[in-house]
Structure formats: C-alpha cells, structure tokens
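What follows is chain A paired twice: with chain B in the first complex and chain C in the second.
What follows is the complex of A and B.
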C-alpha cells in the first residue's frame, strides 16, 4: 500500500508542477504584462519603468522559480490590480465556491443515485427511460441557459427565490440546481450501469435464492458494490465543480473563486489567475489522489496491479 | 445568449409592466449595480469605472470641471495660480475636515501627491501620474504642486486626484493597499460596510460642506457581474440603477413604464485608423485615396444607431464625431468634417488608386470595440475590400502595434475623465510606437502643445493637428460612446451631466429632488 501511495503521490506532484509551468508559460505568452499594467496610453518608457518595478524584466525562468518557491511557502504574491495578497483573495472567495460545490455534489448524489438504482431495477421501463431522458437533458443543456431560465421562472415571475448574492441559504438554491445538473448525468449513468452489473452477478442471485427481501438485495448486496466507481467519480466531480463554476457564479453573482478567475482574466491580473490555476489544479490532483487511495484500500487488485 | 434572453426579458418586462410597483427608493436607500466587485474604494489601487464611482462618493479632489463654462472650479481648492512653468500653487478652503473629524489641510494634499508619485509605490496605471515631480506644503492652507517640466494638463489631471488623510494613510505603511477597505474621505458619503463579494454600503456624512447635502441616506453598491442578472434584478426592483450595455437592453427594460433610461454623453469614442506608413507590409494605405476610400465606405450613423447603447431612439445622445475631441473640452477646435458615408465614392477612389479588385485586410480590435469592428468589416466588404476581424487582448494588441503589425485598427478611446483635448492628441501623436501616420508635423505640433501653457496657442496647435488628421484621412472618429443609465422612475437623473463620467456618474444621483452640480463635485 505504501509503495502504491508513494507512486501516486509522485505522479500527483509531477502533474501539479507541470500545470504550474504550463499555466505560467501560457499566461506570459498571452500578452505583455507590463503593458497591461501600465495601460493603453502608457509610453514605452513608462512601460519599461513598470516592468522594472514589478520585476518583469527578469528572465522567465527566474520569475517562475521565484513564484514557485514563494508558492510552496504559501506566499502567492500580490494582485496587480488591488495589491492585496493573492492568498487572502483566494481564501476570501473560496468559501462560497466550496459551499456551492459541496451542495451541488450532494444534491446530484441525492437525486442521481436513487434514480440510477431504480433505472437499473426497472430497466427498460418508463422509469429507466425517464431517468435517461433527464441524464441527456442534464448533459445537453448549457448551464448558463438553464441558470437564466431558473432566474426568469423562480426569480422574476414567481419571485420565490433570490437571484443574486450569497447572504442566505436561499441564495444557493438556484445555483445548486444549475450546477448539480452538470454532474448528475454521469453519476446516474454510472450507478445504473454498476447496479445492472451487480444485479446480474452470482452473489446477488445467491441472495435472491436465500429468499432475502428486495430491499436487502438491492441496497445491502448490490448497491455497495455498484457504488464504488461513483465514489471515485464524486471526488473528481468535486474538483470539477470547484473549478467549473465560473459561469454559474457570474450569473448568480456569488463572487466566489470562479468569478474571481473571470474578473482577473478580464483585468489581466496575472498573479491571481496563475495562483487560482495552481490552487485548483492542486485541489483537483489531491482529490484524485484521495479517491485512488480509497479505491486501492477497498479493492486490493488495484494496489497489487 | 444575449438575443434569446433579451427577447425573454422583453416579454417579461411587458408582463411586469402591469404589476404593482415593487421598485422604488426604500428608506432613502439607493441600490446601484456594479459590473464587477470593487476590491478597494481607492482609485489609485484599482482604476476602473466601478472604483471611480465609489471613490468619488467618499473622497474629494482639489478641483472639478464645469463643462458649460469650460472652466475649472475649486472643490478642496479655493484658488490656484501658476508660480512658474513647473509649479502650481493651490490655496485650500479653510475649515474642511475628513469624516473622522481630523482637519484636511495642505499636508494631506502634499502627502497624497507625493505618495502616488513615489517611484517605490506600486499600483496599476501609475504612468498616469508620471508628470508629478512632487508637492510641498507652504502653510496649512497652501500647497505647491510641481511637475516634470511645463505641463498644461495639470488641472485636468487634478480632477482625478482624490485627497487622502496623511496621518491615517501613512500609518498603514507598506499595507497601503488595505486603505480602500476602510477608507476615510471628505466626500458626501462614508463607507460603513465593505465586503468585496457582497458589496459596499455607504451612509450620508452629515459633515459634508462642499456641496448640497446628498439626496440619499444610504447607497448600496451591489456587484452583479452578469448583465442578464442585473436586468432581472432591475425588473423585480432589487436594484435602482444600472448601466445599459446594448440598445437591446435599453429597449427591453424600458418596456416597463416604471423603468427609465437616461443617456449621459461621455468622453469615450470609437475610432479607426489605417497603416499609412506600411509598417505591417501592407502598403496600399500609403495612398491617401485608399485611406479616404475606406473611411467613405463606413456608415457611421448606421453603426451608431444599431450597435451603440444610447445611439438611437429616445435615448439617442451618441453622435458621429466631427473631431477627435468634444466641443465642451478645453482646446477642442470647432469645425471638422470627416469623410461622409459614400460607398460609390469609396469604390471610385479604390478604382482610381488601381484597387478596383479590392485587397485583403485584417482589421484588428480589442475590448468593447469588437462589434464596431465587425460592422466596419461588413461595410468594407460591401465596397470590395476583403476585410476580416482580428480580435486581440490589450496586451496582444499593444504588442502588435509596437511591432508594426497592425494593418487597420478599430478601438475606443477613453479620456479617463480628462476634459482636455491635449489628452487625445498626446495619446496618438507623442509616442513613436503608435506612429502609423508617418507625418512628422503631427509629432512636432504635439510636442509643442504638450509644453505650452498658453491656452490660445494650444488651441491653435490642436486645430492644426486635427486638420491634418482629417485632410490626410489618418483617423476616423466613428461614434461617441455614451453611458445609458437605467434607473427606476423615482430616481431623477440629470441628463445634462456629461464629460467626466467617472466622477459625474455619482453626481447625477445627487439630483434626486435637487438641482445637481454640472460635473464632479463642483460647488
């Protein structure tokens, strides 16, 4: 197990380093940072002065290693726009994003797992078709469109729920519904597939032969085996939701990490964009690592292979 | 997305029009939508429209500009005089205080200017203040501001220099970026709650002496980055004021009689220029006839009416510009007749220049000018020029510009609140990396205007400069870019406010039941 852990950890570190190098390089290639800081009207001399003041005249390799060593110590630099420490900015915005991501994942699991189970148990029935229809709808509908429809129906017409801000739990209802539709289809399909496989397995036939009740067969014998890949997917989905809520946060004015990323890209605030990419990739890799380890712990075949 | 949602909103607006009024000023609180969160109420640290709007509510500059009288008026400053070509002396109003009760004096003015001109101080767009050599206190109510050489735009620049209390601000040391989260100013509102994510709450400051008492007891600035969400919040009455982004939004929202659109002429405009030097390898624009043909091909009126918010209908205050400046600005010469829309003439000029079969052209653009560039490309194609749009970011566009890669550019010019023609002339003709014109006379004239303190002489220099620009078809001013304020019907907005929108944006809220100041914080 330890050997497996060390191997996965090594791969995870390599991924984080690679992402940081690529994002650093791409951001530098996307335009002249000193020019963006100085503004459109700045003269060449003024741009040069800004370049020196912010240390942008140093070789790229030096700039990267300076940033990377500071990042490892928890210092992600300062925002070029507000001069605030980037770490503080990210922490202040992360809370909303984490709440939204966790709620969305919980809502997706709460709906998708039972649906998947019923779709498998009553396969090829109207329940199965309706569940698959919902999955197709969730996969096909752009979330910004769905968000606007929810705003119009529940915010503008019915006036049941607030449509912007993060002051109360009510503010999270519509964004949670929107975001959960992004991950619900995969969880539902995976649960259905896993359940169908489990229900056809010999140990389930044995359970039926023993005269166990359907509830015990479905939820005690079949589901625990079918749910394993869902655990992995959920961990990865959480990472995806943390980084993929840019549009939903913007539409519902939640002002979390997603909207910070959007604003920072718009304002060419490169240290913030760089750090958000780094933090999100770190979280994503960490969650993937944790799910790998859980799977390896549960299923010995994984660590032995 | 926009078209679909606009239709949806239009339908909804009609439905809502018959509903009882929900919108309205509740308990004297005005709620204003911000396009993005404000990280600090500090215009130096975060230059941008939202920061300028909030900063101008809390702080005062030394002077403001009265666009009607075309003159500067004192705010914190009572009077001023030019001591020598590089020194301006300001006498301050006596008896002024900051919101914490501390006295506002010359020390605070000198400190603020020395802070922003300190080479070690880090903030964005610092180059705007590169002209300052420093400031010194003469006595409690007298301060001398020094510039690096004669600087005729000093007064215009001073509009955008809010004064900070020296003791409180300097106490922050290297943590000066945190100032804007708990600021203390001398303006009509004080910040009572600051949260970058949820917004800013301000309360009327009863000690405000530099103008009429503010109309609203409280102002809440709410960050709503998505335009569609702003529209929805406006329709259900959760916000009282927002800025329109397109004519569609104006039309959709004003279908509700409880929502009103008031356009404000701003000092921004859209323009186009061509590579008259041949830097990019495309040499056709060395020929003045080809440049004129391109400009004749563009229907500026149609672009303004169909694309620009505030360009048509009841809210139509945008206009096709005659010059690169606005008549109410200092030094803007009258006259000016840019190439009129005449596709037949455009084709004839192209034929005359031996380009009857057209040529390939990349029209570069960035930011908010993209729809204008797309329309321009359509008009150029109509006369046989095989044009396409080249969309860039600011950094990429400037890099391309400096490297001489632009064949044609459609962009917008933002005066940034400077009511002085010198700003635009300096922008286009003082830097060699922007020279796509190849006319040395333009640069000589600009150099002279940049150091001439005599207003009459400056005006003559600007006239000569802009006449050359027009005759040689160097730059086509396409349209002004007004701000259209969407607001609930019980908020009165002063439509005459114009010019320094960064500061005026706030002043029109003052007009609620009162006679508003013309511009900024003019008394």
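What follows is the complex of A and C.
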C-alpha cells in the first residue's frame, strides 16, 4: 500500500509541475499582457513602463520560476484590479463553491448509486426505464433553464426557498439540485453497467449459492467490484464542480470561483486567472490521487501488486 | 420406466420429471424435458453430457439459482424430505450453502477478488450457524488444513489473486464444507484447472466426501473422471436423460448410441493406443427451441430408423438399475458396441 501511495504521489507531483508550466505558458501565449493592461489608447512608452513594472520584460523562464517559488510559499501575487492578495481572493470565493460542489456530488452519489444498483438488478423493469429517463433528462436539459424552472416553481410560485444569495443553507438547496442533476446521470449509468457485469460474475453466483441474502449479494459482493470506475468518475465530477459553474452561480447570484474566473478574464486580471487555473488543476490532481487511493483500499489487486 | 427405479436407500435428492424452460426472443427453449433421478446419501452421482445438454441448468433448478428468464416445474424435487421448488426465498436461502453447497467451474472467478479467503469462508458459517466469529475462524482453519493448505491461519488473510488455481479450488472445497452439507453439487469442478492438478483436486474431493459421508453430484463432460469417481451416472443429451446406470454397468454395457459415442471419445479408451485417430461424434446438438418429436440424437445416430422420429421415447430397463432411452433393442445396441470396439482393436 505504501509503495503504491509513494508512486502515485510522485506521479501527481510531476503532473502538478507540468500543469503549472503549461498554464503559465498558455496565458503568455494568449497575447501581450502589457499591451492589454495598458488599455486601448496607450502610448508605446506607457506599455513599456507597465512591462517593466510587472517584470514582463524578463525572460519567460525567470518569470516562471519567480512565480513558482512564490506560489510554493502560498503567495500567488496580487490582483491587478483590487490589489488584494490573490490567495485570499480565491479562498474567500472558493468557500461557496466547495460547499456547493461537495453537496451536489454527495446528493448525486446518494441518488445515483442505489438507483444504478436497482436498475442493474431489475434490468429492463420499470425502475430501469425510469432511471434511464432521469439520466437522459439530466444530461439533456440545459442547467440554466432547469435552474430557472426550479426558481420559478419553488422560489416564486411556492415561495418555499430563497432564489439567490448564500446567507443560509436554504440558499444552497436549489443550486445543489441543479448541479447534482447534471452529474448524476453518468454516475448512475456507470454504476448500472458495472453492476450488470458484476452480477453475471461467478463470485456472485457463488454468493447466491452460499445462501446469502440479496442485500449482502448486491452490496457486499457485487457493488465493490462495480464501483471502481464510479469512484474515479466521482473524483473527476467533483473537480468539475469545484471549477465552478459560471452560469449556475450567476443564476443564483452565488459569488463562487466560477464568477471570479469570469470577472478576472473580462478585466484581464492575469495573476488571478493564472492562479485559478493553477489551483483548480492542483485540486484535480489531488482528487485523482484520492480516488486512486480509495480504489486501492477497495481492490486488493491494486494495492498488493 | 428406469427413471422410476428406487434406490434401496431413501434418496437424499429425488427428482421426477423436472422441466426447465427458458424464454428467449425466438421462442421457449426447453432446457430440460422430464429429467428424473435419485441420489443416495453418500454416493457420487455423475451427470454427463456436452455443453448445453441441460446438466448445469438441472442443478441450478434444484438450488433455485435459475436465471430470471427460466422457469422450472417438476412432479417432485425433494431434498432431504423437503420439496425444493415450492420453498419461499428465505427457506431456500437456509438450505443453500448450508445443507447443499456448490462448487463452480472456475476457481479463478468463483472467489470474490476484493475479500480475503478467510472472510469468504467465515461468511457462510456465520450466515447459517449460530456460531461466534472465533468458532467460524477455527472451523475455516480446520478445513483449510483438511484440504491440504499449509499455514492455514496465515492463508486466511490472503486474497484470491495471491493463490494459484489449484489452491483456490481447495479453498472452494473447504468453503463448500463449512456448514457440513449433506450434498455438494460440483459443476465441472476441474475443467478450468491445469491437467496436473485436476486429478489431485478430484482425489481430494473424493477423500473429503468419504470422510464426511456426504453425497456429491458431479456435473461433467469428461467420462474419464466419471469412470474413476462416480458410483452412478446419468448421460444427458439435448435436455433428456438418455441413459441411467451404475458406473460399472455403463462402461461394461453402454447401450444408447450417444453414450457409446461419448465413451469412444475418451482418447485413452481401447487398446489401439497412440496411433488411433481421435474419435468424434459427427453432427451437432439440435436446437432446443420449440417442441420436438422422437429422439433428438437420431440425426447423428448410426442406428437411426424411421421409428426414431415418432412420439415420446421412454426409458427402457436393461437391468433393474440400468435404463436407456432408445427404440432399438438392447441386443442390437450391444452388437453395435462390440463391433465398434472390435474395429479399434
């Protein structure tokens, strides 16, 4: 297990470094930063001054290491717009997004996994067809439209829930429903597919032959063998949710990381954009690592080889 | 009817007219048509036939392990005095793994890869016996040692992928013994194993069977195994029992042309030795979909005659405990057998 962990950790570190280089490079490739910071009607002198002020005249390698060493120490620079430290800015906006992402994923898993199991067990029954219908709905419907429908029904007509802001837990109900509806279908279908395969396996026939109850057969013997790809998908989905949804955040007026990214791109706030990019890729890598470890915990063939 | 021959002892499993049909897109498939047999306590009872002849599905029907699309009915399907087909799900669960255990074909896949073998052994015991974990553990270690696994206490912590195929099948045999069953159904127990470990595994199964005095139903396509292990044999073809006999009687006087063909197919059979070409039965197993009249083997049979296509052919008694399902008189069948044997010699 420890050898496996060390190996994964090493790979994860390499990926983080590579991603930081790429994200740094891509942003420089997207145009002359000094030019866009100086604005439309700036003179050549003004642009040169800005270039020197932000150190953009130095070689790219020097700029990268300068940025990277600061980043390792938790200093991601300052916003060009508000002059706030980027780190604080991201942390303050990330909180809302984290709460929303974790809630949405938890809700999606809580619905999708049991539904996937039952759809596989009762293949081609009404429950299988109903869950397929839900999956198609979830992936086909545009989330901003679904969000608006939810707001209209539960916020405006029934007046059960607030429609915007992030003051109390009630504000998170509708956004959570919206986002979990988006990620639920894939988790459900993957669980179903894995379960169908596992239910046909000889060890499941053996479990039946041992006189075990259906609950034990399905959840102890079949599910752990079906769940590995679901764990990986869930990690990717969580990364996707943590990236923040600009649309869903703006529909519900939640100031999360998605809207921060959108604002920063619009205002050419390079340090912020660069850092969001880096932090999110870092989170992705971390989640992948965690999902690999969970899978190793479930399947001894992974951790003992 | 020889299928109705009662064995002297009261049978542990008694099956009469078992019919299993499977719904398919192209019509109902009659997987077995009127299978009848008795298994005496402590005996080794072999069911032989090629794949798809209905031998596995018959045992699955007894255990209540049929796929959803299949339905079973029978005049009788009694295990240890209990009618199996009408039991509730819970009552059936109490029998499975407890008084009847199963051993499946592939030990590589019949153990769950994500649990230790200790966990999987103890699980059956804890399910059926009102014992503690410590008792379950002791029983598991005792049985692992009994099936010849060294360092049993250590091995309890091993995962299936850490054991070889032969060892895994030993674990499966130990698992089948956990609750002290009266009957073990072994479905092609050695087909997936290396030839070198096949015989050792079978010898072990026979040894355990004798020690604990339990009955074994051995489902196989390998008559070589049958010859060395079984007390009684039924030969199945296309969902029907075509011959039913004590092992010795079957090899001395195989009557049904299909049985004769199967025996001819054993490579080591007969004195001809290594130079003789391998024997095969020409033709293919007929489709089981829909109703069929007459003998299903007639298209592949050297002795086929017009009567073979007509009506239901019953089992004819050759000796008290030896029956065959064929319209040809047994004198002719025996003559045919001697002739084919003579050709080889």
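Basically, the second predicted complex is superposed on the first by the 287 of 305 C-alpha atoms of A that agree within 3 Å, B and C clash if a C-alpha of one lies under 4 Å from a C-alpha of the other, contacts with A are read in each partner's own complex, and residues count from 1 in each chain.
We take it that a contact is a pair of C-beta atoms (placed from the backbone, for glycine too) under 8 Å apart; a residue touches a chain by one contact, two chains touch by 3 or more.
What you see is a predicted model, and the numbers here were worked out from it, not measured in a lab.
Judged by the touch definition given at the top, the superposed model places A:301 against chain C, while chain B stays out of reach. When the two structures are aligned on the shared chain, A:92 is found in touch with chain B, with no touch to chain C.
Once the two complexes are overlaid on the shared chain, A:164 sits against chain B while remaining clear of chain C.
Contacts of A:181 after superposition on the shared chain: neither chain B nor chain C is touched. Within the superposed three-chain model, A:209 lies in touch with chain C and out of touch with chain B [touch as defined at top]. Taking chain B and chain C in turn and counting the residues of chain A each one touches, the greater count comes from B.
Of the two partner chains, chain B is the only one touched by A:262; chain C is not. Put simply, chain C touches chain A in their complex at residues 63, 65, 92-98, 101-102, 104-106, 109-114, 123-124, 127-128, 159, 161-162, 172, 175. Residues of chain B touching chain A in their complex: 1, 4-5, 8-9, 12, 15-16, 36-37, 39-40, 45-48, 119, 122-128, 130, 176-178, 180, 196-198, 222-226, 228-229, 232-233, 235-236, 238, 393-396, 398-399, 402, 416, 427, 430-433. Residue ranges of chain A in contact with chain B, taken from their complex: 30-33, 35-44, 46-47, 49-50, 53-54, 78-84, 89, 92-93, 96, 144-145, 148, 151-152, 155-157, 159, 163-167, 250-256, 259, 262-263, 266-268.
Taken together, the chain A residues at the contact with chain C in this complex read 201-203, 205-213, 221, 224-225, 298-301, 304.
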